[in-house]
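Pasting the structures in now, so scroll down.
One chain, subunit A, links the two complexes that follow: it is found with subunit B in the first and with subunit C in the second.
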Partner chain A sequence: MIPATPTGKPGRALAAMLALAGLLPALAHAAPSAADRAMADAQAVVQRGPTAGALVDLAAAFMRKARETGDPGYYGRAAAALDRAVAIAPGHYGALRARAWVLLGKHEFAAALRAARTARAIEPHDWWNYGNLADACVELGRYDDAVRATTRMMALRPGLPVYTRVAALRALMNDRRGAIEALELALATADPRDPEERAWILTYLGHEHWALGELSRARARYEEALRTFPDYHLALPGLARVHAAEGDTAEALHLYERALALAPMPALAGALGDLYAATGDPQRATATYAFAMYMGRVAEATGTTYGRELALFLADHDRRLPDALRLARQEAGRRGDIYTDDALAWAYYKNGRLADAMRTVHRALRLGTEEALLHYHAGMIAAAAGHDAWAARHLARALALNPHFDLRQAPLARSTLARVVSERLAREEQR
Partner chain B sequence: MRRLLALALLVTPALGAAHPLGNFTVNRYAAVHVAADAITIRYVVDMAEIPTFQEMRLVDANGDGTLADEEREAYLGRAARTLAESLVLTVDGTRRPLTAGVQTLEMPPGAGGLPTLRLDITYIAVLPAARGTVELRDENFADRPGWQEMIANASDGLALGDATVPRTDRSQALRAYPIDQLQSPPQVREARFTIQTSASADRAAVAPAGARAGSMRFSDRLTELVATDAPRSPRLVLASLLVAAALGAFHALTPGHGKTVVGAYLVGARGTARHALFLGLVVTATHTLGVYVLGLVTLTASHYIVPERLFPWLSALSGMIVLGIGASLMIARLAAVGEHTHHHLDHDHPHPHPDHDHGHSHAVPEGAIGWRSLLALGVSGGLLPCPSALVVMLGAIALGRIAFGLALIVAFSAGLAAVLTGIGLALVYARGIFARLPLDGRFARYVPVASAAVISAVGLAIVATALSQIGVS
Partner chain C sequence: MSTRALRRGLAAAGLAVGLGVVPAGAASHREAPLMTLDPAADITDVYFFTSYDQANLSRTGGDRRVTMVLNAVPGQEPGSGPNYFSFDDNVLYELHVDNNQDGDAEDVRYQIRFQTEQRTPDQFIATLGGGPLPPVSHIDGTGSDGLSRVQRYTVTELRNCKDSKRGPKCKDRVMLFDGAPQPTVPSNIGPRTMPDYAQLALEGIRTDATTGCRTFAGQRAETFAIDLGAVFDTVNLRVENATPVPGARPPLPILTTAEDADDFTNAFGVNTFSGFNINTIAIECPASRLTADGSGTGVLGLYASTSRQMLTVRTGNPVVSGKKPLLKGAKDFRQVSRMANPLVNELIIPIGKKDFWNATDPADEAQFVTFYKQLAVAKALEAVSGVPVPTGDRDDIVRALLKYSDSDANLSELLRLDLSVPPTPPASIKRLTVLAHDAAGNSTPDPAGFPNGRRPNDDVTDLIVRLAGGPNYITNHVGDGVGVAEKGITPDFPFLPIPYDGRNRRHVDPGE
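Now for the complex of A and B:
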């Protein structure tokens, strides 16, 4: 660490004082959020006297800020706070418990599972540990264990944290209505003083309605989320997607641009590029795709990766396909959930490795999750492998679930389905 | 903490930070300099890799991937104009137009050799007269996270009053970020100050760094005593000294300062009023001396030693002295009690000797209160200088009021010692009452041992706290 110079002190002291007074300069358009306040409070406490407890609180504040802004840099800062806490008080339980959470944020799922299990061994009645356990198990594809952990959590402490996990598991296991029910329950119990939390639940309600093809309900939920927490980076692309599906291109472009300015991610740039392409602006589309690729380069330059997200983008847009496969396999080494299997299958397919694609896409469908993109990928792979009936069934299912599921891929689903069906009919005729 | 599951389902990149603050930051810096007839603002924008890429779309107008000189010039001119629109400078409430002077564009390599963008533009605004309230507000890149720093300075003969921003920067104009992961980067988007021509304000502004650090942290009334500009009449000086003593007394009541230790020692060792007064004197002397020495260190070696970093070490030292006293007392007293217990066992009954006033007096023989350990205790109590006192002294030196500052410190230390002595005396007399109670000898005999244990425990706690601070600072 760079030693603080005497001149460096006033600024920090002043910041701490301002933070104490709750006067930390607000963003031009928004008052300090709950996460900002938590962060400033915890920093002030740590500045006065760094105790392990205060440092764990600071880590928790960084985690909230990470979710609120989509800035993964906060995960590193949360980890640093926990390291400091453990240095002061080795074996601090609060730090151990929070460690699992931070590792999940950093996508170190196996390590997160280990940390959550250690914490559970110490405090088997702490509901907190089961949340982390469930999350890690979901990411590692250990769905039975995830259900067990969630059940235990429900028994220990029914409430918002477990309702949202129930919702996620129900959505995975082909019960989207049940997922919506659980999210509505979570919304009813959400803390009105934490708008970001409400907005988060509303956004995921929007996602569930979108998955069911219920565009207007999805839009209402996304809009409510943005009213609750303006410029919410998770809700902006959701709403943009609905507007694009409904043909309101101008509004969709505006929202995507806004989201990309706030929290740049390859998937967002990909979606925006698709929208430019669909509206006959190939120049902007190319530039936006280039931006998505560039984000991947920056990530690799810093020794990290957008993994699955970038792999899907590359595969979807037929760019750097070997890289897409490499990234997808890398991701599959770290997590074992169905979405990673799906991305890997798609990357295999785009690289012409149909047998691997077939094998992997079966794994992606193992929970029977009803999601247009999963069915679309399965259908395209099956069509390429010559399994007509299978292809037709999955492609039809994808389009039935949500005919607008993807601006670029949905038309491909339609044309492939038409081709598969007509070829099948032609063969029948010949017979 | 909750709903992480679904958070993870949403593709969240596990992305590290190439740029020290993350690679989608836009860092901003404004250094305001006031001269007699103009204000210049050096405005620096340092963009991390991702915003640079987005900006490149504007820089590389023909899209050929390279930066032609004319592209660079065209972009820089545009950027200087656009940035000025959201850089709001007002003097006495009226906005002053900014004219761009020197402008440079650099593209230093960032993570993996990817380019970053650095704009360095100097704006000039004409001042009607070098007076009034100046405000600068940066409304550029409001959505972007990043280091946001502002400083303000003045030419010779001018001074800035009530400045909301410091005079020196922390990031060397965004060339080197002193990143502490646990603290948030500065988020200063506004600066406000008044322009003064008086020499007095100029002197106030040259207080050494340590003084400013302390005054900002503690915003102590004591500091104002020195910094006030009003001419000093003898009565005012006397009043100041009294206030300083009162503040010292008040300061002694705040946690720390070995009140517990003093009390425990005097109770256990059967101290007298004489002992208590001596202790007070030692505390005053040590505290005064400590402030002087630390003040000198700060002034002469401030480039090498940060006084705030010395505090935990001094704390640890004083804790160790206390711990040593406690431990040696405990050993001596336990030995004394042990001897006596043997004695008891031999006789097998409590002895009703009339020549012993009450059992405990011979557990610790009269005179066991060593002047030497009392001195050590006093030193430990005064060793840790109060930061406010240090600030006062530094301020006084900076303002050329050295004698006055030194006198204030003595007054402050005396006030501090008075309270400690008072507590000591109160305990001495309270113990007198305590001693007259018909206490069972067996219980009373352990009071000195218990008090030694308390002293040791306090010492241990001081050392532990100090060590944890050293460990993390």
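Now for the complex of A and C:
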């Protein structure tokens, strides 16, 4: 079935692709994971007698499966299981405290914050509620509240869940070494019998090393993640990105393709297209971009959770720019974090609204987060707005942090930096 | 782009993607772990008893020795290579003794910390046996080359402690073994890698000359036997295999008098932990070292705890290009798990308060006393079976688990051991302790077990179910039909059996 899109009828190309899809082999599925076993166990208990507790366990199993596969359909199933639990036992605390978690998965951040506060009011000593509070506050851009919730969570129960949240806040607040320290502690704490959880920590360690431009350390962590939990959809693109930066194009292509087959997302298709383009294969690049556009249309029609990534893909590739801005603003309506500000600023810039872009990119930099893409966007916007010194500083910072931060944009950062600097020198000579 | 070109391009690009499915999209929010187990810090059982090895059976009065055991890292499937089981270097493991009956178990305290030597850090397989390396014949030094990592531990004895915001302040501190790290006993991988595991385990028993204490840390076989699946399914005991209590709805299972008196066979339940291993920390000290007056007599209280390190969100000066490592966040430890009496957290403390309970001091147990008095698990037993349980506040439960005497006002959830009770020789140990009887139904109490301390083979599930259910459940021998671990009673320190080996392990189901 072809879903209608709000922006126009799906084209013939789309229909052809869907027809083609029927001929494509289904993905091979590996042995049951911990999440699969948890789902089977919980479903068996629910079938024997659907108690509220069993339904909460089932919801938790769906949540694990959602993260393991990247398939947001499981969030809906988790929500339905919680609804059933509450129908059986209104006010069931287990169902109540799990609600915020599920709402976070569905990207209903304001509602998640309300649900976490409701649960906290009932059990102010339950660390779980502070985890959800912290996560919701981070997405809503309420960073001081997130720090408070995380500190409370630490006092109630030090351990893997709060270590990973400390790592997130440290990374945001320009302390990547501290983030790595917290993630290493989380890794030492992780249950060797939960490979996906270990792989998650290893993947985020890879991300932190990547952000610092430490390619070989990033690669080692991504590779360890993939040994621990083969084909992990979060680690594959990370490793692909490192291989692309190191010039191992064949391996990068293979990994991106694999990642895209497992958890198709426009951002991934965009990165793969960029790699084809960079290696002189415009035909495949064009086809892959078209695939990204197709996914974007389906996603918009079905209500997805990755509007921000879609907006960035469109803006980066100068496609449907008004839609990029619309999507970015839509995201900004439901979350207030720096990455959403960054995407919105970038969309403003691509739509020629430089004053709005400047205003918004300042918000994106408000925590002092050291990340190449944030600095790159700030530098490009400043250059366009004629703020040469500012532009030069941010572009240089982006390249210093990670000269390989993006296959397509890093060269643009370099050329823009050179232009800004030479123009400035020329002006000073004239004076 | 034309349809044909697009199709060709996609095929060329190798995009074997199921396009008929709505594209799944990984959520673009950082979905950090929330549901997580912490097995290394999860205390599963605590045992506290006067040692019942031959040497100690020969001693009298205050000369006897007392064993304290903390078990963690539950449910070890013996064949779980390559990541075998170890303690966590980041966890502080502790045993706390109350020797003046004030409920505050900070009089003598043993802190156990682990450190791991990774000998082959890039080696994915945790332990190499056979293959290019010789079999493991010693747990450390020569003959231990086959171990890719060796974990060692230190034990610190603290006395006269007072809690402060920055942790305990103690007047006296003794490092056992003069602070030298002692090797743990590794997981039992199998006979090719470890041909004489029993000998390796013996090497793991260390004696400290100064204190006279013996220590052991390493893998053991699980002795706690329970039909966990049935108990957690709202006490849905396996009545289908047993004789029902007349008139109960649905009927409750009872053990016949003969079955109940049998300490060697499981009547009808499924032992959830059959064939599983556990990590054990055991410390045996002269009773005189634990008592306040050095006499080795009186009543002692004990609980075990694990603590994890706290981190601050802000570590200090942010660094991007690392010239020097950041200051570590606060190194303070905070208690994340505690245990004394069995099944308290599982059966008495409600969901939403379990982790909070774990973080609290047992001496502050008064804040949870409602849950003991109302004892929801007894009401659940009555609700599912129709067999009446005692009505009103359960002061009997409060007395059994939280008090030294009827008049004790300092409620504290501790295991309490009366040192005046002599140890029972292994051959005479009764798993039902004070409720034990013979096949004819005559009472044969064994007062050296739970709730007078707890020994590894005491059937605490049936004892707790019967104590909670009251007289109707005691006289009818209600139980989960599981009380015996296959390996039986271990008559020597550390009083827990040799672990199941990874190659030959099996889990025994009923009827086997």
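Just so we're on the same page, the second predicted complex is superposed on the first by the 399 of 431 C-alpha atoms of A that agree within 3 Å, B and C clash if a C-alpha of one lies under 4 Å from a C-alpha of the other, contacts with A are read in each partner's own complex, and residues count from 1 in each chain.
The rule is short, and it goes like this: contacts are C-beta pairs under 8 Å (C-beta built on N, C-alpha and C of every residue); 3 or more make two chains touch, one makes a residue touch a chain.
Computed from a predicted structure; not experimentally measured.
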**Request:** Using the touch definition from the top, say if A:Arg419 reaches subunit B (first), subunit C (second), both or neither.
**Result:** neither
**Message:** A:Ala60 in the overlay: touching subunit B, subunit C, both, or neither? Say first, second, both or neither.
**Reply:** both
**Message:** I'd like to know which partner A:Trp128 touches here: subunit B for first, subunit C for second, both or neither.
**Reply:** both
**Request:** Check whether A:Arg176 is in contact with subunit B, with subunit C, with both or with neither, and answer first, second, both or neither.
**Result:** second
**Prompt:** A:Gly70 contacts which: subunit B (first), subunit C (second), both, neither?
**Reply:** both
**Request:** Tell me which partner A:Arg308 touches in the superposition: subunit B (first), subunit C (second), both or neither.
**Result:** both
**Prompt:** Touching A:Tyr276 in the superposition: subunit B (first), subunit C (second), both, neither?
**Reply:** second
**Asked** Does the superposition put A:His404 against subunit B (first), subunit C (second), both, or neither?
**Response** neither
**Message:** Touch test for A:Arg359: subunit B only (first), subunit C only (second), both, or neither?
**Reply:** neither
**Message:** Using the superposition on chain A as set up above, list the residues of subunit A that contact both subunit B and subunit C.
**Reply:** 3, 12-13, 17, 24-25, 27, 60, 63, 67, 69-73, 75, 101, 104-105, 107, 128, 131-132, 135, 138-139, 160-161, 164-165, 168, 200-201, 204, 234, 261, 263-265, 287, 291, 294-295, 298-299, 302, 304-306, 308-309
**Request:** Spell out the residues on subunit B that touch subunit A in their complex, using ranges where they run on.
**Result:** 1-18, 21-24, 49-50, 53-54, 57, 110-114, 139, 142-143, 145, 149, 166, 168, 170, 176, 178-184, 186-190, 209-210, 212-213, 216-217, 302, 306-308, 465, 468-469, 471-472
**Asked** Touching subunit C in the complex: which residues of subunit A?
**Response** 3, 12-13, 16-18, 20-22, 24-27, 45, 51, 60, 63-64, 66-67, 69-73, 75, 93-94, 97, 101, 104-105, 107, 122-123, 125-128, 131-132, 135, 138-139, 147, 150-151, 154-166, 168-170, 173-178, 181-182, 185, 188-194, 197, 200-201, 204, 212, 227, 233-234, 257, 260-261, 263-265, 272, 276, 283-284, 286-288, 290-291, 294-295, 298-299, 302, 304-306, 308-309, 368, 370, 401
**subunit A to subunit B touching residues, read off their complex** = 1-15, 17, 24-25, 27-29, 39-40, 43, 46-47, 49-50, 55, 58, 60, 63, 67, 69-73, 75-77, 80-81, 84, 87-88, 98, 101, 104-108, 128, 131-132, 134-135, 138-139, 160-161, 164-165, 167-168, 200-201, 204, 231, 234, 261-265, 267, 287, 291, 294-295, 297-309, 339
**Prompt:** For the complex, which residues does subunit C have touching subunit A?
**Reply:** 1-3, 5-10, 12-41, 80, 83, 85, 88-90, 124, 233-234, 308-315, 318-322, 325-326, 328-329, 333-334, 336, 351-353, 355-356, 358-359
